[in-house]
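A short worksheet on the structure shown next.
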Amino acid sequence: MRRFLAIRFLQALVALLAITLIVFGLTHLTGSPVDALLPDDASQAQIESLIRHWGLDRPLHEQYLAFLGNALQGDLGVSLKWRGYTAMEVVLQRLPATLKLGGLSVLLSIVVAIPLGVVAARHRGTMVDKSANVVALLGQSLPQFWLGIMLIWIFAVGLGWFPTSGQGGLPHMILPAIAMASFQVAALARLTRSAMLDSLRSEYVKLARLKGVPEYRIVWKHALRNAAIVPLTYFGLLAGSLLTGSVVIESVFSWPGTGLLSIEAIRGRDYPVVQAVVILFAVVFLLINYVVDALYALVDPRIRRA
Amino acid sequence: QAAGKVVLALDPPTADTNLFWNGTGERLPCFQALVGHDPITGKYNNSELAEEWSANEEFTEWTFRLKKNAEFHFGWGRVTAADVVHSYELTTGPDSTINSIEHLRAASVEALDDHTVVFRFETARTDYAFQHAGRGSMVVYSKAQFDKEGVDGYVSKPAGTAAYQYVERQPGAGVTFERVPDHWQGAVPDFEMLELRWIPEPATKLALLLAGEAHISDLPREIQADALAAGKAIVKSKNPAMSTGAIFNGMYGKTGDPAYRADLPWSDIRVREAMNRALNREEMIEILYGGRGEPVPSWLMDSRNEGYVPELKERFEGMYGYDPERARELLADAGYPDAFPDPTIPIVSSVLSGNPEFGTMAELLQVYFEAVGLQTEIREMDWATLGNLGRSREAYLISPVRNAPIRPTEAALVNFHTVRGTRYGGYESDMSEGLADKLEQTINPQERSRIAQEAFTYLFEQYADMPLAAVFAELTVDPTVVKDWTFPGVSTNSVSHYHLIAAAE
Amino acid sequence: MKLSRLRRYPLLPIAVLLAILFIPALFAEWLAPHDPYQSHLRNRLQPPVFWGGTWDFVLGTDRLGRCVLSRIMHGAQYALAISAVGIFVGAAIGTLLGLVAGYARGWTDIVVMRLVDISLALPSILLALAFAAAWGPSFEAVIIVVAFVLWAYFARQIRAEVLSIRERDFVARARVAGGSHARIVLLHILPNVVNTVVVMATLQVGVVILLEAALSFLGIGVPRPTPAWGLLVADGRWLVVSAWWISFFPGVAILLAVLSVNLLGDWLRDRLDPELIEV
Amino acid sequence: METADVADLLEARRLRKHFGRVAAVDGLDFSLKRGRTLAVVGESGCGKTTTAKLILRLEQPSSGQVLVDGEDVHTLHGGALRRFRMRVQAVFQDPWSSLNPRKRVRSLVAEPLIVNERLGRKEVDRRVDRVLRDVGMRPEQARNFPHEFSGGQRQRIAIASALISNPALIILDEPVSALDVSIRAQIMNLFKDLQREYEVGYLLVAHDLGTTRYMADDIAVMYLGQIVEYAPSEDLFERPRHPYTQALLSATLPAHPDETKEEIVLPGEVPSPLDPPSGCRFNPRCPAKLGPICERTTPAVRDGGARGHTVACHLYPE
Amino acid sequence: MTRPSRSTPLEETRGASASGELLLEVRDLRTHLDTKNGLVRAVDGVSFRLHSGETLGIIGESGSGKSMTVLSMLQVVPKPAARIVGGEVLYRGQNLLEKNEREMRRIRGREIAMILQDPQTSLNPVFTIGNQIVEALRLHRRDGGGKALVHRAVEALRQVRIAAPEERIRSYPHEMSGGMKQRAVGALAISCGPRIIVADEPTTSLDVTIQAQYLRLLRDLQRETGLAILFITHDFGIVAKLCRHLLVMYAGRVVEAGPVRAVFNNPAHPYTRALLGSVVRADTKAERLEAIAGQPPALWGLPSGCRFAPRCPHADDRCRKEYPPQLRVRDEASDHVASCWRLEESHGNR
């Protein structure tokens, strides 16, 4: 187990290194930040002095190595757009907002999806199952940004129940979290359902029945504990979709998180921030997957020893 | 009278920073420059830090005398000439990204005494006051704060001199200010707090406004109607804030320029005229600006600046008027499309903060062009990519532009019609270069005016661009919170004079 | 035709898909009442017929006076083309790598799986943003992003399946018979994962349509004035209050198309591959 | 034995296979003559399947050799390898997993021919027809897919495919244990008939001695990767020498309620191959354990009395 | 064989508890299944009796309805596909089929416990052995607190000869070998002190030597507790070794039933006979096995006649048309019955 985690950790590091390379390459393909930041009437001299100032005139591999060296020390450069802050600062400042929103939406999806999936599996083939399936599918078919706009219009503008956008307390988070969760709820519910179906068909559930265990305990304890492994592994992937979803949702709701930040950073060719965002996303993603691996072992004792 | 907080939902700025010289010239409400603007006429006045200013005969020396009682926020003391010199050095440093920084640079700067600063130049600088006024101007930071806290001090809590002082910034989210107690100018803004909130999504802005979470917003004109229907109101800049149009890029026509391409369709003046004649400007103004825009004969020329040629207005209908029939004839005459190896007209569709209409304008251009038989193609690109093309002199395309706000004639001509104006590849020729050079070297006002007039007339006759309209900066406000806002429309992002935001009863 | 036989097929989704996606995509030229690019500037922002509009523009017009219905119909072509090409490329790459990784195991497997990790760890939208910033938004860029996002899912799933299939005795038998590795992979293993690939591909159509829409929403999808569905929604989104039909109907088209494709995918999965657990 | 002078069809020499720390097969020696059957018997995990795979060249041995017709199987390539593939075939345990569900019976059966020989369509069809008839199926069933058949029929298809290239040796890895009782006899009879007809040698892998008695000429009893006793079938059943063989025999179920038999119930479980006991690997469970010698010394292979009967146990003098 | 026997001959056990109390009587039990191929009469009129201390073997091929019979008894048939459509299950005089779910829960595990075929899958992988046993105890034997329950679970493990039960109780299923797991399942079954244990092919997945251990364990347990065992198998060897009575099932029906020895000595139904003939024997070398022709039948759309008729060498028209009644076989055992039209003739052939 420890060895397994150690190997996974090393692999994650290698992946991360490759990601820095890709990110570095991509950002430098996207054009010079000078163009984004200098005004219409900047002169050639002004441009050149800025290029030198930011070290953009050095060969790419040198820039990459310098970047990597600094990155190892946690220094991803200063933001070109949010002057006065380092790229890391800018991103870290915004990360909590994204994590909060993502966390809430994950929570929301779990709270809705797991029971939905369990109930659907329990009542397989009935109307309950079919309606749950339609609800789930609907969630998977709605364009998130569209749902976001609709939610704003109905619940914030029309009914005035929630604020429309921006950062704030729980009320600010509810609509974006719902919009964000819509897709995951669907995915999770359907996964839970199919895992539960397998679980409910299993011999140990049969044996539990033969032991005289009441039905609710069979469903919620015996079967779910086993079925939980499948949605749990899905969580790793979910992390990715959360981060991606955050870009869309945050821009609809002007939620000042990393998603919104990344759009602005790319539009502004703020390399250091783009790099920091992507690398941080990757780290978060790899970390979550790493934790999921560990959790997996917790939930499933079979893995613990392997 | 004392209202609470006013929230402005605005497009995120290009650079989101307290360090003015690292931005593009968008000024935070807590800062002041040397030269002020009249809130109504937009003319220079002494409402900010300089009491008065003057230039010598040759326009090689500009002297500014500071107000003696001007005071920095947070107890950083009085404003002195040393602060101005310090700010000048910061602003023109190597990492400066600010607008027109070359125009600000001087041969030397000197504090003559505590309240007098002189800028000296090697050549004549007739427009130097502009560099210290609303647009592209230099704001004044406290040297005392810098000496004590360095740049970090500016990042965390910069001291300015305006009626609002800095509270906090959330990078990418917004900035908050509060009313200065006992402001040195005695200004008492209606609102206790002022929050600028960056909202990229227009629909979200509208929602914020309707939900009462924001009180002022720079909504795109297309959805202003929705806000009006919901009881919101519009406040406008007191003067047209920008002039819009579309330009022919890639006309690198100065003799010997290797980038010049004679085979571009719009290298042919007949095609340029045809394209101009294809446009139904009245309809465009209706669609783009809800009819609230003044047609202009030349998008760089403005009655408030040098070189205004009133006749161009009369000649406009005859030369530029909507006439698809004539356009078709001209095209046939030019042998379009067969005479051109690549007859497709690429039109840039881009997103520029503060100009939500550019995308629609590109589509409209396409509609009109195709109606007269031009072949078109829309290219989506962001501002940086376009700039990059311009800089590498490969911008062979048509792009919507704005001149926002109106800039001095000399700078405008240099920017768009000479090789030195690097960002755009607008119409360039020996003639335009020559006129711009001449203008730069001339200090006599009458002479300057004549040269400028000649330049505008020349460009007009060459169909050097596709002028559209002069439009006002329009903000949608919540009339239950904001009664009015008087601002002249002269700053980079059009708005200024935050202390004049008037609260509703 | 026997009705009872018909009932075994998911008729509603198929009907919706035909009506929304396939027929318009193939026959939009003939079916659409107007040219989707043609502006009728005098008829700007006309409401749909049941909202006070005219029969000329059944679903109303957009801010340039273009026929919303015609644009949606033509948009189906893009939805279909992007899904088809993007998924094909992604599935082909992913399946191939999955096959190789699962069959060869060892180093090949490790390398491919790390690539999968990397691909999954890179946020797709950011990638697309970077692409678009570098080369400008284009049909090709969208395809590349779609393929890049999808291949890893295919590779993962196929590899997992190949790992178990290669342990089945028929693979051993094929080797005993003397088949080369290539023959075994292509003739024996591949046919056994084809169902999975088909089911996954079907289920991904919805994902791709949504991704394309999201990219367009962010301004990095196919360029204007292409009537791609996502772009149509994005274009009308400011006007949801006064001219809701501009973005509402494309939104509905996306919703219905994705919903039907998903229903169809579900049905296919139940028929072809009851064991596949994929979302 | 009367066939002693015939060259060995199959021979294993000090065959060894390690998976990491697991010694799945740990030094096997055995041989098989043409047209005869050698059964390898032992409990789950003792290395039977690994042995089969080594012979089939599906796994590479860690050391030792497998000789078929005197040639080292693992050094073959090109035409020799193709000839080997024709001569050695296999039938696996699970008829459900051993037929590719996406292929028709014809191509399943014809696979060895198609891969190794260039034959016309007609000729292939003719041979498929013939071999299907031989295993008791109708030729027209060649068009069907595996899922249309029951377990017994599937196993017949697998057998047909193994026979089509006229092999000299077929490896049978528990070929009937997944089948229903009523079907097993059919299939075992079929194997017998085919052996007579095709003169093919079988290497039969099984976990229970009972089923092998009917089929095998020689039996090798394996325990934890090693052969503990090796003898002609009848001799082994009449005079089992190794305590493990004796226990296995006693564990075979009676054929009649009145049948009484000495019952040796072995204590404990089969030890993990990850951590095999030292000395004689059977010593922790052995009812006849002599003492420390069993724990310390690996017993050498000794003569088991009758001809060709060997046993690895300290009970017997060298 | 020269070595002395180390165990009690089976004979003794078999005779010891010959005349126990009648615990269970199943009469004409019928269970139908809706499958996509149509209606399956998985259990089609099965009757038998079980006394305390007795072992009854049910033998039959895969799919003949053995499991479904016992699952129907306990009403845990797969829902919604399966329906119990008729019959009576009298447990100590009470008809279980008339009981509701809550009452049944008190029967399951407490009165009638079950051991399933595959220990690999029948233990819940995510709970410890102890947890799983204690859960059953908590449901049925509330007397005593948590400690007492754990203690009792340890005792149960000890009873099935698991070494160091105090530690084993904390093990997860994957930490045990197959044989140990199956013994743990046994411990689970006996932990609540049931009167009947239904063992559904408990040794199929075990190694031969482990199977021998397990069979012996069951027999010892029975002797210690006087349990009745219903043993499902498809192996005549196990029946010969373990059971006193025998039920032969074919396609959902009992084709022959009687005392084990009587059936072995005098198999009356052609199917039983053929099965016995096809058993490979370790004690003598057979020249040729007697094989049953054809394949086991599919259970949907069965013919109205004898279900074995298509494979039966003696079948005639009547066999194919009409299902035969159950007849007493004429031999020394009074309760030896078989369902065959040609009982007399075919039997006589032997």
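Here the chain labels run A, B, C, D and E in written order, and each chain numbers its own residues starting at 1.
Criterion: a contact is a pair of C-beta atoms (placed from the backbone, for glycine too) under 8 Å apart; a residue touches a chain by one contact, two chains touch by 3 or more.
Since this is a predicted model, take the numbers as computed values, not measurements.
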{"item": "Minimum number of chain-to-chain touching steps separating subunit A from subunit B", "value": "1"}
{"item": "Graph distance between subunit C and subunit D, where chains that touch are linked", "value": "1"}
{"item": "Averaged-CA centre spacing for the pair subunit D and subunit A, given as whole angstrom", "value": "53"}
{"item": "Distance from subunit D to subunit B - Cα centre to Cα centre, in angstrom", "value": "88"}
{"item": "Averaged-CA centre spacing for the pair subunit E and subunit D, given as whole angstrom", "value": "32"}
{"item": "Rounded Å distance, subunit B centre to subunit C centre (Cα mean)", "value": "43"}
{"item": "Overlap residues in subunit C, where contacts from two or more other chains coincide", "value": "133, 237, 240-241"}
{"item": "Touching two or more other chains - residue numbers and ranges from subunit B", "value": "203, 351, 382, 384-385"}
{"item": "Interchain contacts, given as pairs of chains that touch", "value": "A-B, A-C, A-E, B-C, C-D, D-E"}
{"item": "For the subunit C and subunit B complex, residues of the former touching the latter", "value": "37, 39, 41, 44, 63-64, 133, 136-137, 219, 223-225, 237-242"}
{"item": "Complex contacts: residues of subunit A adjacent to subunit E", "value": "125, 202-204, 206-215, 222, 225-226, 299-302, 305"}
{"item": "Contacting residues of subunit C [partner subunit A, same complex]", "value": "110, 114, 117-118, 120-127, 129-131, 133-134, 206, 210, 213-214, 217-218, 230, 233-234, 237, 240-241, 247, 251, 254-256, 258-259, 262-263, 266, 277, 279"}
{"item": "Partner subunit D, residues of subunit C touching it in the complex", "value": "168-170, 172-179, 183, 188, 191-192, 194"}
{"item": "Subunit A - residues contacting subunit B, complex", "value": "31-33, 35-47, 49-50, 52-54, 79, 81-85, 90, 93-94, 149, 152-153, 156-157, 160, 163-167, 251-254, 256, 260-261, 263-264, 267-269"}
